[in-house]
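Below is one structure; the comments refer to it alone.
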Amino acid sequence: MNKGRLEAFSDGVIAIIITIMVLEMKVAHGGSLQDLRSVLPVFLSYVLSFVYVGIYWNNHHHMLHTVTAVTGGILWANLYLLFWLSLFPFTTGWMGENHFTAVPTALYAFVLLIAAIAYVILQQTIIRAQGPDSILKKAIGSDWKVKLSPVLYIAAIVVAFRSAWIAQALLVIAALVWLIPDRRIENYVRATHSTSH
Amino acid sequence: MNKGRLEAFSDGVIAIIITIMVLEMKVAHGGSLQDLRSVLPVFLSYVLSFVYVGIYWNNHHHMLHTVTAVTGGILWANLYLLFWLSLFPFTTGWMGENHFTAVPTALYAFVLLIAAIAYVILQQTIIRAQGPDSILKKAIGSDWKVKLSPVLYIAAIVVAFRSAWIAQALLVIAALVWLIPDRRIENYVRATHSTSH
Amino acid sequence: MNKGRLEAFSDGVIAIIITIMVLEMKVAHGGSLQDLRSVLPVFLSYVLSFVYVGIYWNNHHHMLHTVTAVTGGILWANLYLLFWLSLFPFTTGWMGENHFTAVPTALYAFVLLIAAIAYVILQQTIIRAQGPDSILKKAIGSDWKVKLSPVLYIAAIVVAFRSAWIAQALLVIAALVWLIPDRRIENYVRATHSTSH
Amino acid sequence: MNKGRLEAFSDGVIAIIITIMVLEMKVAHGGSLQDLRSVLPVFLSYVLSFVYVGIYWNNHHHMLHTVTAVTGGILWANLYLLFWLSLFPFTTGWMGENHFTAVPTALYAFVLLIAAIAYVILQQTIIRAQGPDSILKKAIGSDWKVKLSPVLYIAAIVVAFRSAWIAQALLVIAALVWLIPDRRIENYVRATHSTSH
């Protein structure tokens, strides 16, 4: 099977997700600063989601870099991840339009949680497919970020019903943690290349 | 002609279809769980269609893998398939918003039926173009899935006017049948490669 | 400059145009056959536009096949063509929603006309860039389709105000004429290859 | 890291941005010339934004041509630029629907300004990554266009509150300045190639 087409399809879906989210920012009918202010919550939720989708694209990019053969399992694990990412425009719009209240914030964090689990499932599927000498397994080592994120998402879900703003803060922190790209894979690949030359 | 561009264009269209379907999940104005529940039917129809489009992308991927030269016939048969797939967002949204009632369910199954026929037309066009030694023809053998699906879709159309829920069950079963990717083509290609080395 | 990226970008834009047109088929609130019938005019205009965009993608594909170096002129002539194609979703939706009445039909034909002219401009820009031995110039010969189409579009614009249905017939005929892909380019390329071997 | 995937993703996002802007041209319910006239302001703002996005795609294309290795910094600087470009459909729709009044025009120019700064940030990030012998640095020389554009955008923001039409004129001039593609990079690359042969 062809990795290039899997990457191209994933890139296409992620590019569309990241771009159609902006359609949730409905154009206000009036042209004053007040009208613009009414779009502000949706804009803020858009910024957060743009960062999250950017992080997923970045990490997805790194992870697939280690893949040599695409199995049916990898293909469906990848589609499962894309499915949950495709819900971001909806949860983003709902959270923004309802000004970051409890239920929409909890749903937003819930979809982030399932997407994070889907990412781990894809990671494990690739590692299984690569066998005992999996380059991805060696590269990720003890992936503290992958372990921390779901804790923060679950905390955000629980906290949302008490204070939606603390929940938002948790989601922002979880994004900032991921903003640092997964350099371990790059480093490992580079180290391996140096050794083999 | 260039197969890469045909694949890239098909991937683009399929990626857009699978992603814009989520736009049918209109953001509810309220932020309560009840408001969320009102989106549930559209969400469920979205899940079903996401799986179907994923199946089509997967099988399309395998089928085009055997193509070496793109003829005008293949190009138009491919566009004909994409046309029917492009109606999925509409039928999905209509079925979801009307809570899986008879007519929308029958239309949903009808578009699935015509898309399945379009898939067979594309398959036959490729086989004809490949000539007597068609690798695709040998690979697909007796394609029981391709024969079973239309029967299930027709059954769903007929049953929808009696019980929309049995019709839904038939559509879910028809999707589950296809979830197993078309490994025969892979196997055949692999077997041929092994022999020739 | 890189032809691959020009093709990929054009494919992306054309794939989006052909797919978002379906969003103009607004999901009816009711779930009866009557509700479905109200979408029929937009569906019919969607079919016509899908065929036209498919034709443009197909011919664009053949034309760019002869390009070796992308100049700034080709790049902007290509964007100019994409601009007019990007108006298809609007004119398609407007014509469908107004049941093929005079002004929307005339506008639809007008945008087709300008897109056809933009296609010729792109063709001429490529021929100029290729110089005296232009492979595209030799391949297209006396392009009667390119000359016939604008006449049919202009006739459709004029006739629309008398009989919108005759105008539609002209637009359908103009599409059918183009459905036969531009085999001359293929033939010429093939002939040249045969000679040089 | 893989430059091809960065280009493909950027092309995808830019292709979607340039195409979904047309969705802001809401189909009028009536089918008369007056109904069409009501869409004219959104159409004009769409033309301006199409040209701007085309310019960005073109220049982005040239700039990335000089990149050999994609660093994490380049990846995020690129996403930052895409974020601001992704706001174009919103600002375009808002400006068009409010008939080019002061606040929407100022916001439109403001997003252009930040996008221009994001472009410079990406340029500088690439130059830093390329080190002292940066081919991009040598190619851009004294980039008067990059310096002039922000001045015109700032002027448009200030002037918008006095005369929205002069502000529009400034934005049109700033686009016309950029319409001439960045041939210096091409020339430099070509010159270097000639020398090395």
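Going in written order, the chains are labelled A, B, C and D, and every chain counts its residues from 1.
As a convention for this text, contacts are C-beta pairs under 8 Å (C-beta built on N, C-alpha and C of every residue); 3 or more make two chains touch, one makes a residue touch a chain.
Keep in mind that what you see is a predicted model, and the values were worked out from it rather than measured.
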Exercise for review: Superimpose the Cα atoms of chain A on the matching ones in chain B and note the rotation angle, 0 to 180, in steps of 5 degrees.
Suggested key: 90
**Study point:** Interface numbering overlap (same over half, different under half) for chain A and chain D
**Key:** different
Point to revise | Whole-Å separation of chain centres (CA-atom averages), chain A against chain D | key: 26
Point to revise | Separation of mean Cα positions, chain D and chain B [Å, integer] | key: 37
Exercise for review: For chain C, jot down the residues that touch at least 2 other chains.
Suggested key: 8, 12, 16, 20, 23
Exercise for review: Could you pull out which chain A residues touch chain B in their complex?
Suggested key: 1-2, 5, 8-9, 12-13, 16-17, 20, 23-24, 72, 75-76, 79, 82-83, 86-87, 89-90, 93-94, 97-98, 101-104, 107
Review point. Which positions of chain C touch chain B when the two form their complex?
Key: 7-8, 11-12, 14-16, 18-20, 22-23, 25, 27-33, 36, 39, 47, 50, 54, 57-58, 61, 65, 179, 181, 183, 186
